[in-house]
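Two complexes come next, and they have one chain in common, subunit A, joined by subunit B in the first and subunit C in the second.
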Partner chain A sequence: MQKHLLKRNLGSWAFIAPILLVHILVVALPAASTLYLSLTDWSGVGIPHFTGFANLHRLLFDDTNFISALKNNIRWLVFFLTIPFIMSLSAAYGLSQIKRGVMFYRVSLFLPYILPSVIVGALWGFLLNPSTGITGFLDKIGIPGFDKALLGTPGKALWAIAFIDNWHFWGFLTILFLVALQNVPRELYESAELDGANEFQRFRYVALPGIRPTLIFMLMMVGIWSFLVFDYVWVLTKGGPAGSTEVLGTLVYRTAFGDFEAGYATLQGLGMAFFASASLVSFGILRKRGWEI
Partner chain B sequence: MKSRKNKYLTGLITLSFSFASILFAAHASAAPVNITVSMGTGVDQVCWADYVNKNWKDPKYKFKITNSQGSDLKDQAAIASGGGPDILYSAGPSVTLKYAKAGQIVDLGKYAKQYGWDKAFAPWSLSLGSYKGKLYSLQAETEAMVMFYNKTVMDKLKLKQPTTIAELQTTVNAIKASGANPFTGGNVEWKGVNEWFISALFNAVAGPDAVYQALTGKKSWTDPAFLEAVNLITDWQQKGYISGGLDRFYTLKFDEFLANWGTGKGVMNMEGSWRFGSANQYFKDTGNDWSWGPFPTKSGKSIYSIGVGSSWAINKNSKNQDGAAKALAYMFDKKTQGALATKCGIAPAPIAITAKELKGIDPRQVDFLVKMDAAAKSGDFGYLTWAFWPPKTEQYIINEIEKVWNKNMTPEEYLAGMDKLFQTEFKAGDVPPIPSRK
Partner chain C sequence: MIKIKSRPSILNIPLIVLSLFAIYPIAILILNSLKSRQDLGLNPSGFPKKLVWSNYKIAFETSNFSRHASNSLILVFLTVTIVLVFGGLAAYSLARLKPRGSGAVMFYMLTVSTLPLWLYIVPLFFLWRQIGLLNNYFGLVLLYVALNSPFAIFLLRSFLVKIPREIEEAAIMDGASKLGVFTKVLLPIAWSSFLTVGLVVALNVWNEFQVAFILINDQNKLPVATSFFAFQQEFGNDWTLTSAVGVLVIVPVLLLFFVFQRKFTDGLVQGSVKG
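And now, the complex of A and B:
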């Protein structure tokens, strides 16, 4: 029996071995070297010198840009854990109740998601252009709040980028929720209706519990992605104006390749990974507590 | 019978292989070796690569410049892992200094003698490319910050090109009163635009002597002379003199703000001499014309604050270092530099170049080159941040100034932060060698 098990395990290992080897080479070893480099003064050129916890001290006590970028990531997180979820849950629930034209809506909603971020960024950069874009037009017809360029105003730029990213993202989320909702048995809705539940109550007490694993999984993923955001910010504002859209991703990039502080940027990157993984850890804790996720 | 046939067949195959081997060997020995360089994807850089790749003829070597986005980062990774292109093309001497300190680029001393670079290049540029007395990089694309004008609008407003900061301020007020924006500008595509202004004003307001002293550690950046410069640009930005407001400045692309200059929406353009090569295209069909002048200064004396657009070095990992040096000799030959200026709008390297080589380029650019060359030769020039400042301080100048414009930081705090960072880099030896003043 044991021999048989061993034989079966060997077979499994044989399948896993190649990818495990690749993983060790391209993930585990670089990750280990990252830990070491974060404790050095490496400029990205030449030999790194070990500096102990000097980088950590700087990160924790001196680096105001890191704190400011982290705050922007938290703002981003709050935005993406609310707005797209509200939009996509409402849309998905609505779509799950109709029978005609669902495919059309699915395709239309999913379309922005397949566009590359550079294209979306350029498109919205043009649309938000104060002279030639929509905002310029809205200002001309007297709608308040559009007299200044949204991407050029420190208090508004981050939200404008989040809006653009959400334009591209929320359709994807809707489709995921729609697929999950279609697996909720119709009988449950009918029973609730017979019991006198209104539309909102059916959504709250039938639909939402029915898609809880998908919902929680996506909350976790959005939590992780919110700390890794880079592309839309870089394409649209490069962290400006006045650092108002600087997020950890753009800060790490600037530190490594602008300031030539690859060692310190590695530590900032680890900080970024730490916050991103917090979402993963909370997911694990909830599972341990018996949540069905 | 069969074995005889096999023998013939074996013989024939052996003979064919031998013949093919000889052919391949002969071909291999004749094929020129590639001398590789990678640079960015700007229109001028593509033109540059195309011209050099096609025109350098050498029996042993072939120039192979490739254009790719993020080429500097790719080179950095490749060189760190023992590879990389034969020639390292980088943004400036502060970058090559990093490579020189790390022992990853070649001492060009023997090649400088062989190809006469030690005499052909302006002394200030040789100094910039040196580390511990040895030459490690050659500087290309000599630049200076100048003031460009929409001449037609200036004439209409009966304004003369200002020579002093006081006159500039009067001009700014007059343009503003006319309803146009005194300056055009935007930094959404290139945040480095911020340092153009700081560079120009440090030299124009504080003066190149003060800048020299600060760069050599003899003066603090918190000196009131530098504060005056920061206050001036901050005042202009906060009053919306550049492109009509900070929000516009932060969102305008090059083509947009230069089109505004052409149409006269923005009358003056504080930019580098690289714009000479393409200024005409923004005035096409506008009925307007442009002119230029040295950047106005507090004293009224013309100052050319100079810098370089790129630095060239030989990768220590290169197996063809002699070939790379030969390629550089071609690149920095005055005929090649002249051709690159006329065909691609690339500013010439700091070498002695005559009007003959520059035949065909806009006379205003020739005028500028002659004047800048004279200023450089006299040793009385200013210093641009991207050539003479260490990398972290340069990045600080670019990024933190927006906090001052946005009132999140005072000009005093900005300069104090800059000074603190500069002193650290100065002590670490990260400041490029500053050519002495005459």
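And now, the complex of A and C:
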């Protein structure tokens, strides 16, 4: 009987093992190795030399690039926790209330999400180019703030990139919220209507509480993703002009593959993971305290 | 019976504006790909004066599109196959056979799959360089498999657990092996969720930039996304040509999306919530 049980387990494990081993090999083991490598002067080749807390000291006290990249990630976080959510919640609510044309809107709003980042970046680089694109047009008709290339102006470039990434992203959130909203019982809207609730009140007191778990989960995920951004920044500005759009992702890339300070780059990566998980933890705490939305 | 008042069409106005916001830039990309250079300079966001189809021929040749597209197809094929076969087997085992410790595997997949790429790509890059897996599709596909399989396993597992057990029991009575039950009984029922996963993984791999950008720098081996980026760096001033290459890259994606629209949206939406 014991032997039979063992055999049963072995057979079932054989189905799990291949994918699990691949995952451990390329994700878990390298991730674990950073715990040691981050304490070394490793250049990527040869033997890493243990340097204790030298890297940590540098990260905390001497690395202005890390701090400014982190600040940009926090700006990114503020942008992405507000703009896409406002846009997608309004659109999803609108879609959940109409009957005709839902399919058309679903498809068109989702379309940007399936496009590759490199193409979205190139396309919007063109559209935001003062001599060719929309911003040139806005400048011509006298709207202030568009006289220079947005992507070439420190202080504006990061927001321009966030705007572009959001163009690609928010439709995805919309469909996600729409799917959740479709599970909110219609009777709730009807009784709110009987009580004389207006459109906004139905949204605020029926729709929003109805999708609260999805909403909180997505706020948390977007909080995590905000620390991981790489594609859009690299494709559009590579962190420039003058480092003004540098984020943690582009910084780790530069440290590891530009300066070949691999050991130090793994510490920056750990820093990134720390802040990403901080957003996970803070949502966990808010949730435990019965945070209401 | 109380009927909800038919919603005022006023809700449609913001939706139309937002849809235009989503579609118009894509339309510009396609329109610009068909303009002459002179036309584009004078008229960057309207209809072409004359359709210049030859842009596509030039774009196809100068960007070496056939090579990069076949590179990407190889990557898509390998990743999708491995994820569906081995991810499917793992999902089946986790849904049905539940060996001792499978809870720990689920926990591992949930937690470790959320680790940021930047936490492990640096040591992995130097390890791959050491053992010759840089500029190597095997090295890249291993990472693609790892990045896509947690989502695949969660989605397939959640589908497989919903299938009533009785359906398998007859086959088990007839002496079918575990693998036989999976391939002959469950797969015919669950194929549609496999299709969903396959489509999402294919899209992910075709569009993927970051990992390929790090692990592949041999010009001849670049997949479409990174090769488009390289092309844009070189020919970015020629907007008609760059737009045409861009359209070539997204046409397969758009075609698949329009055919399998529902599956794509469902898969991508569920994938993020479960994975």
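One rule holds for everything that comes next: the second predicted complex is superposed on the first by the 260 of 293 C-alpha atoms of A that agree within 3 Å, B and C clash if a C-alpha of one lies under 4 Å from a C-alpha of the other, contacts with A are read in each partner's own complex, and residues count from 1 in each chain.
The working rule: a residue touches a chain if its C-beta (ideal position, glycine included) is under 8 Å from a C-beta of that chain, and two chains touch if they have at least 3 such contacts.
These figures come from a predicted structure and were not determined experimentally.
Participant: Just from the overlay, do subunit B and subunit C fit on subunit A, or is there a clash?
Facilitator: clash
Participant: Once chain A of both complexes is superposed, is A:138 in touch with subunit B (first), subunit C (second), both, or neither?
Facilitator: After superposing on A, A:138 lies clear of both subunit B and subunit C.
Participant: Looking at A:188, would you say it contacts subunit B, subunit C, both, or neither? Reply first, second, both or neither.
Facilitator: The answer is neither, since A:188 touches no partner chain.
Participant: Applying the document's definition of touch, where does A:87 land relative to subunit B and subunit C: first, second, both, or neither?
Facilitator: second
Participant: Touch check for A:221: first (subunit B), second (subunit C), both, or neither?
Facilitator: Touch partner of A:221: subunit C, not subunit B.
Participant: Could you figure out whether subunit B or subunit C reaches more residues of subunit A?
Facilitator: C
Participant: Touching A:44, do we find subunit B (first), subunit C (second), both, or neither?
Facilitator: Both: A:44 reaches subunit B and subunit C.
Participant: Does subunit B (first) or subunit C (second) touch A:286, or do both, or does neither?
Facilitator: neither
Participant: So, A:273: does it touch subunit B (first), subunit C (second), both, or neither?
Facilitator: second
Participant: Identify the partner contact of A:258: answer first if only subunit B is touched, second if only subunit C is, both if each is, neither if none is.
Facilitator: In the superposition, A:258 contacts subunit B only.
Participant: Taking the options 78-86, 132-140 or 240-248, which segment of subunit B carries the C-alpha atoms that clash with subunit C in the overlay?
Facilitator: So the stretch of subunit B colliding with subunit C after superposition is 78-86.
Participant: Common interface residues of subunit A with subunit B and subunit C?
Facilitator: Subunit A residues touching both partners: 44-45, 125, 257.
Participant: Show which residues of subunit C lie in contact with subunit A when the two form their complex.
Facilitator: Touch residues, subunit C against subunit A: 2, 4-7, 11-12, 14-15, 18-19, 21-23, 25-26, 28-29, 32, 40-41, 44-45, 86-87, 89-90, 92-94, 97-102, 105, 108-109, 112-127, 129, 142-143, 145-146, 149-150, 153, 178, 203, 206-210, 213-214, 224-226, 228-229, 232, 236, 239, 242-243, 246, 249-250, 253-254, 257-258, 261, 264-265, 268-269, 272-273.
Participant: Can you name the residues of subunit B that touch subunit A in the complex?
Facilitator: The touching residues are 72-73, 76, 79-80, 95, 98-99, 101-104, 187-188, 191, 245-251, 256, 391-392, 395, 399, 402-403, 405-406, 408.
Participant: Please output the residues of subunit A touching subunit B within their complex, sorted ascending.
Facilitator: 43-47, 125, 128-131, 148-149, 151-154, 237-244, 254, 257-261
Participant: Mind pulling up the subunit A residues that touch subunit C in the complex?
Facilitator: Those residues of subunit A that touch subunit C are 8-13, 15-16, 18-20, 22-23, 25-28, 30-31, 33-34, 37, 44-45, 87, 90-91, 94-95, 97-99, 101, 104-119, 122-127, 132-134, 137, 167, 171-172, 175-176, 179, 186, 189-190, 193-194, 214, 217, 221, 224, 227-228, 230-231, 234-235, 248-249, 252-253, 256-257, 262, 265-266, 268-270, 272-273, 276, 280.
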